[in-house]
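Shared between the two complexes below is subunit A, which pairs with subunit B and subunit C, respectively.
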Partner chain A sequence: MSSLDASAARKSRPGPAALVVAFLRSEIMQDLRRDKLAMIAAIVTLALVLIALLAPLIAPFDPYDLRQVDLLDSMLPPAWAEGGQAKYLLGTDDQGRDLLSTLLLGLRLSLVVALASVTLSMAVGVSIGLIAGFLRGPLDAIVMRIADIQLSFPALLIAFLADGIARAALPHHVVAEMSVVVIVCSIALAGWVQYARTIRGVTLVECDKDYVQAARLSGTSTLKIALKHVLPNVAGPSLVLATVQIATAIVTESTLSYLGVGVPATEPSLGTLVRIGNDYLFSGSWWVAVFPGLTLVAIVFATNLLGDWLRDATNPRLG
Partner chain B sequence: MIMFILRRCLQAALVLAAVSFVSFAVFRYVGDPVSQMVGVDATAEQREQIRHDLGLDQPFYAQFGRFVAGAVQGNFGLSLKQGRPVGELMRERVPATLELSFVSGALAVLVGVPLGVVSAIWRRSWLARAAMALSLLGISLPTFFIGVVLILVFGVEAGWLPSFGRGETVALGNGWSTGLLTLDGWRHLLLPAITLALFQLALIIRLVRGEMLEVLRSDFIHFARARGLSSFSIYFRHALRNALVPVVTIIGLQLGSIIAFALVTETVFQWPGMGLLFAQAVAFADVPVMAAYLCLIALVFVTINLAVDLLYLLIDPRVRSKI
Partner chain C sequence: MALSKSSRCISAMLLALCATALPAPATTAQAATIKWASQEDAATMDPHAFNHGMTLTVLQHIYEGLVRRDAESRIEPALATSWTNPSPTVWRFKLREGVTFHDGTPFGVEDVVFSLKRAMAPGSDMKVFTASLTDVVAGAEANTVELRTSSPNPALLQSLPELRIMSKAWAERHGATAPADFKKNAENFATRSANGTGPFRLVERQPDIRTVLQAYQGWWDKAPRSVTEATLVKIGADATRVAALLSGEVDFAYPVPIQDIDRVNASGKAKVLQGTEVRAMFLAMDLHRDELLYSDVKGRNPFKDARVRQAIYQVIDVEAINARLMRNTAKPIGEVLPSDINSFDNALNRREFKFDPAAARKLIEEAGYPKGFQITLDCPNDRYINAERVCQALAAMLARIEIRASVNAIPSSKFFAKIGARDTSLCFFGYGPSDFDAYNPLNVIVQTPDKGGAGQWNVGNYSNAEVDAAINRVKDEPDALRRQAAVSQALTIHKREIGHIPLYQPGITWGARTGVETAVQNDNRVNLRFFTVK
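And then the complex of A and B:
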């Protein structure tokens, strides 16, 4: 590209600041500002995501660094409680790790797993939905039958079964190293149906529209029609669905980890931390279970509200 | 109509066949049961003997046939961890899970339907707001954390209620035991039942409220008002009845979810049901137990779905005319 073209492109394209302003002034942001509850949810989500991203920098300790961990400091209560130490704000866990640091990194891990599994299940679900909607015929019938069957079982159960089978089938050292991958795949496997069904439905409608017929007549290949013309039109519903699904994915991950088949205790997620804390409830050490649990509730609550709002805001029938 | 019923039954049978094949594949090819049963220093002959005793040296189709034949009779072989027949273990655990599930289901319906109705009729009342907040909480809170908080508040801090196990049970014969006949059993049941019920309760409140609002907007309610019927009659005789049709369907379908989610609740409260057995089986890779649970839960779900579909046919004449 010549320098002339580049400068022309630069001139025609708004800068990042202008984009942000445009985004803040957009219809959807105005809608968000009108809805106080959704606004609070958005702020909480944003704050928690930022905290999770910056976790290694904010965390006062590195809980994975064994040199910083002292077993003698294990199960210390929060700083304000009797027997607490000022350097451990939320107390310590059973291995003497600073709970605040472990919690921050756990939040990051929980969010990463949720995002990864939602992305994976969206990619798989959207592809299957597009293919089924485009090709129709026996393939479509088979895929949708499978989807129907899977949909009659709760997603949590499917993820748990998939995770359990994968753990039993793979050798131990692989499971130990790949537990995060296994859990991401299990949650994704439990979630693809929603996307596939929605996208298939939208694709069927889009395929009958004039622009697709026109593209067909002008000799555009089916693949190109699917990817360049139909995909952008079905992207909206799948992104809305993904927002709604994130809360589910977070809950599923934490539940699996709580049940002991998710993220291992060496690099705990929020659910793993609650499980560790569970063993110490009766000795009066409530903090190990309660703080990660409350963090989990905050993030799930906020993303749930945000997802609900986005679904309603983008639904033209409710407008 | 008969074709529809036949087709649904055939579909159910296909699902069961598919699930039993998957669970057989898991049962047979996941892990090596022999090395889990014998010590590290077992000789090759001992291993071969166990392999033969378990029937692992037979051809594939024979093993699958034996598996299905056994499964139909409730025979899933020996648990790798406990060395006892899986069918026997399951039978011991079924009453605990069923009791927990039915009590929570009843709790969710008995509290959820009235709250949903109230929050639809008096939308701005504090009770309606409280019900909506409760339902939002119930949907957002992970089940296990509800359990942990309840244990902490009522079990550890207040010390009012026991928080693990089933307590005192009464044997009813035929291997069936119940905790519903003793005070101690009820005290043990309360916290797990609330934990398990909260999500369903939240769902039912939202559903009933939504359906009621929809029905209250419809023409026949306006006509009922114009006819001068009492509010009570309008709300409960006309509106609620129409609102309940979809609700009944969803509640029926949710029965399966309750049994599935009992898995989590049973683990939190160490409730000796099938879910706890299964969760422990997954943690220890106890494959026969996993296979048995898979088949059983599939049977439960398929039966419930089939029953709900057929019930719908009975309740709603519009569906009948479409088929």
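And then the complex of A and C:
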């Protein structure tokens, strides 16, 4: 590429507004607008993410501040039901926490854990996949056999195991403080294999292509080839994988919390709320389990649909 | 693929939404075979290894003592047919003839001597019941035993139902002559197998899964028994246990979670039998170490300051816990002893300080902790009604005086091993004197721990010489009035010093399907002997 072209490209760099317009007009967005289901999923996801981001601002109470919790307000039904109070729109749980606030912050926690664990497992998985695909040889064989072994276990089991070991190894007060980190690492540990496997495959294909051979001949270092030339070409599949994996990570996190090994009960995530509510579901106090359950269904369904659509949209064979 | 993935997620979510109800086979149980579900399992089959409610509940079916309790908790003859008290410190028991152990070996004097000495041996958790015993010997007459006590002990008979008799020959054959120390996780043959003289014999034992008891045909007592076989299953989850009862999967389930009492009664398929349990729930604080194990306060122990203890006492709203979490099935108390037990003045169960968060706030500031401190609250999560919820509520109440308690809710097997090893700074548990006598909890919970077995579960190491002296007088005092006075003296000091934070006596909620009848035992011990099954 000549320097003249580069400076021309710099001059015509669009402003932020133009970027948004360009993005909305892009092929992928047009594709999204044509797919009604995916569009709804995208709107739901966006709305839930926005709500989660703004949760501390819009939540009427701070459910993590135990000083605000009053046991005498426990198990109140939603505001519209008989016995409900206007200040607790969706009712309260067994400790007297406002369910709406707990739900909002729980959603935030679930999304943070999901995003963090997916990012971590993607970083680890992509690096390992690239290295294995590039170096091949014994390292490749060892890493891929480890991946094969791990693939034969359900991801939930791996996360459960990692979480259990961390809990047994660390003292309780450390686990209580670090529980989010522990759970993120556990889920990431369960998820890296997918990326490593996919990226290694793509890397093997890319490595044989002419542009890589050309770069090799021109004396470019392996690291530079991997990062500058191959990585951008394998980024697509890993992003698609990440979107699908977010839903899996949310489910894994809620399952762990539902089983009582996730985040501490004083800082409930959606799964914890379903677990608490489960005990009361048949006793007439349906709201504790139903609202967090529906939120979970909405977010998992929406991200899953979005992930599926993105995979199809970026698949050249399905044009 | 796209659809299947999404639908898989949805069904997973729906699964999470729906309670994890067990698959329910049709109720074809024969009248005499019952299945009962409990929140927890017996911890061991060794009759002397662990003084623990559920363990002793299961074991009372297999092993018997010299005397036993009837359906109204009164003492009646069992392996001994009669007894005399020839001198204040000597008790003579005439043993029952023709009794055989489940393996067919005859029961005799040597088994009683062996078993009672075993209960006094190192590793035994039953020392509270043998505290006054100095020796057990064969009597001068045939088939009699003599129990000797250090001092006159009017409550001796009350402890004897808990001192269960094993076969000496069986224990020797299997290398189980000494109890395996439960607190050290030790095991021996008697941990998983049993051979007693009781109404039921153990035919299958899978810890935490199922325990099968079968009526022993050679039992000496010919009183009619309705239950011929009973399978105990552990169902830890409340909702699942109730679902199992209502679907007919089990015939009897306890405890029924409080929020489900109305639903069970309204179902027409089962009913809830209720009572108040002879058990006190309380908080124990580490009063011994100079620095707490699980706290951010370094170099000093805040619990040693009486103002901190009073602040905790006054910030806990026991009435709110009773009203909201217990739906008024519990009874707030002011000591670590339940009401209506021998030698105990119920007036001592009036609470010493009233709920007053403002006063608590002032006290904690005066004590020098205006910003509070951090602490771990240890708590069993599969024992006692709503224990984990109570602990969370306690943590929320403590937060009002800036004490940041992180709730460590763990299975009771781990919990009791942990607090038994004094590996705790603050913990929530309860104790019920199964002999219905005040000396028992005083000795176990209040007395200074020593090598003689006192203070077994005084996990905060509360210690006061005056209290100890009074408790020793309780042990030795034959006169009922003076004995009660000594109990009151010990407890008045313990109460004033806030050695523990007393909370409440829990309610009993037993769920029985229609057709299963039993009297509620206020020690919360299910006794299949008293069941009638139609």
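One rule holds in what follows: the second predicted complex is superposed on the first by the 305 of 319 C-alpha atoms of A that agree within 3 Å, B and C clash if a C-alpha of one lies under 4 Å from a C-alpha of the other, contacts with A are read in each partner's own complex, and residues count from 1 in each chain.
The rule is short, and it goes like this: a contact is a pair of C-beta atoms (placed from the backbone, for glycine too) under 8 Å apart; a residue touches a chain by one contact, two chains touch by 3 or more.
All of these numbers come straight from a predicted model, not from anything done at the bench.
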item	value
Touching partner for A:P56 - first (subunit B), second (subunit C), both, neither	neither
A:V69 touches, of subunit B and subunit C: first, second, both or neither?	second
First, second, both or neither for A:G236, with subunit B first and subunit C second	neither
Partner chain(s) touched by A:R167 [first = subunit B, second = subunit C, both, neither]	first
First (subunit B), second (subunit C), both or neither touched by A:D94	second
Contacts of A:A176 with subunit B and subunit C, given as first, second, both or neither	second
Touching partner for A:A247 - first (subunit B), second (subunit C), both, neither	both
Residues on subunit A lying within both footprints (that of subunit B and that of subunit C)	247, 251, 254-255, 258, 260, 271, 274, 278, 281-282, 284, 289-290, 293, 296-297, 300-301, 304-305
List of subunit B residues in touch with subunit A within their complex	15, 18, 26, 29-31, 136, 139-145, 148-149, 151-152, 155-156, 253, 256-257, 260-261, 263-264, 267-268, 279, 282-283, 285, 287, 290, 294, 297, 301-302, 305
Touch list for subunit A against partner subunit C, complex	65-67, 69, 71-72, 74-75, 94-96, 171-173, 176, 244, 247, 251, 254-255, 258, 260, 264-266, 271, 274, 278-285, 289-290, 293, 296-297, 300-301, 304-305, 308, 311-312
Footprint of subunit A on subunit C - complex, ascending	2, 5-6, 9-10, 12-13, 16-20, 237-239, 242-243, 257, 259-260, 262-263, 294, 317, 320-321, 323-325, 374, 376, 381, 388-389, 392-393, 395-400, 406-409
Subunit B-facing residues of subunit A, complex	149, 152-154, 156-157, 160-161, 163-165, 167-169, 247, 251, 254-255, 258-261, 271, 274, 277-278, 281-282, 284, 286, 289-290, 293, 296-297, 300-301, 304-305
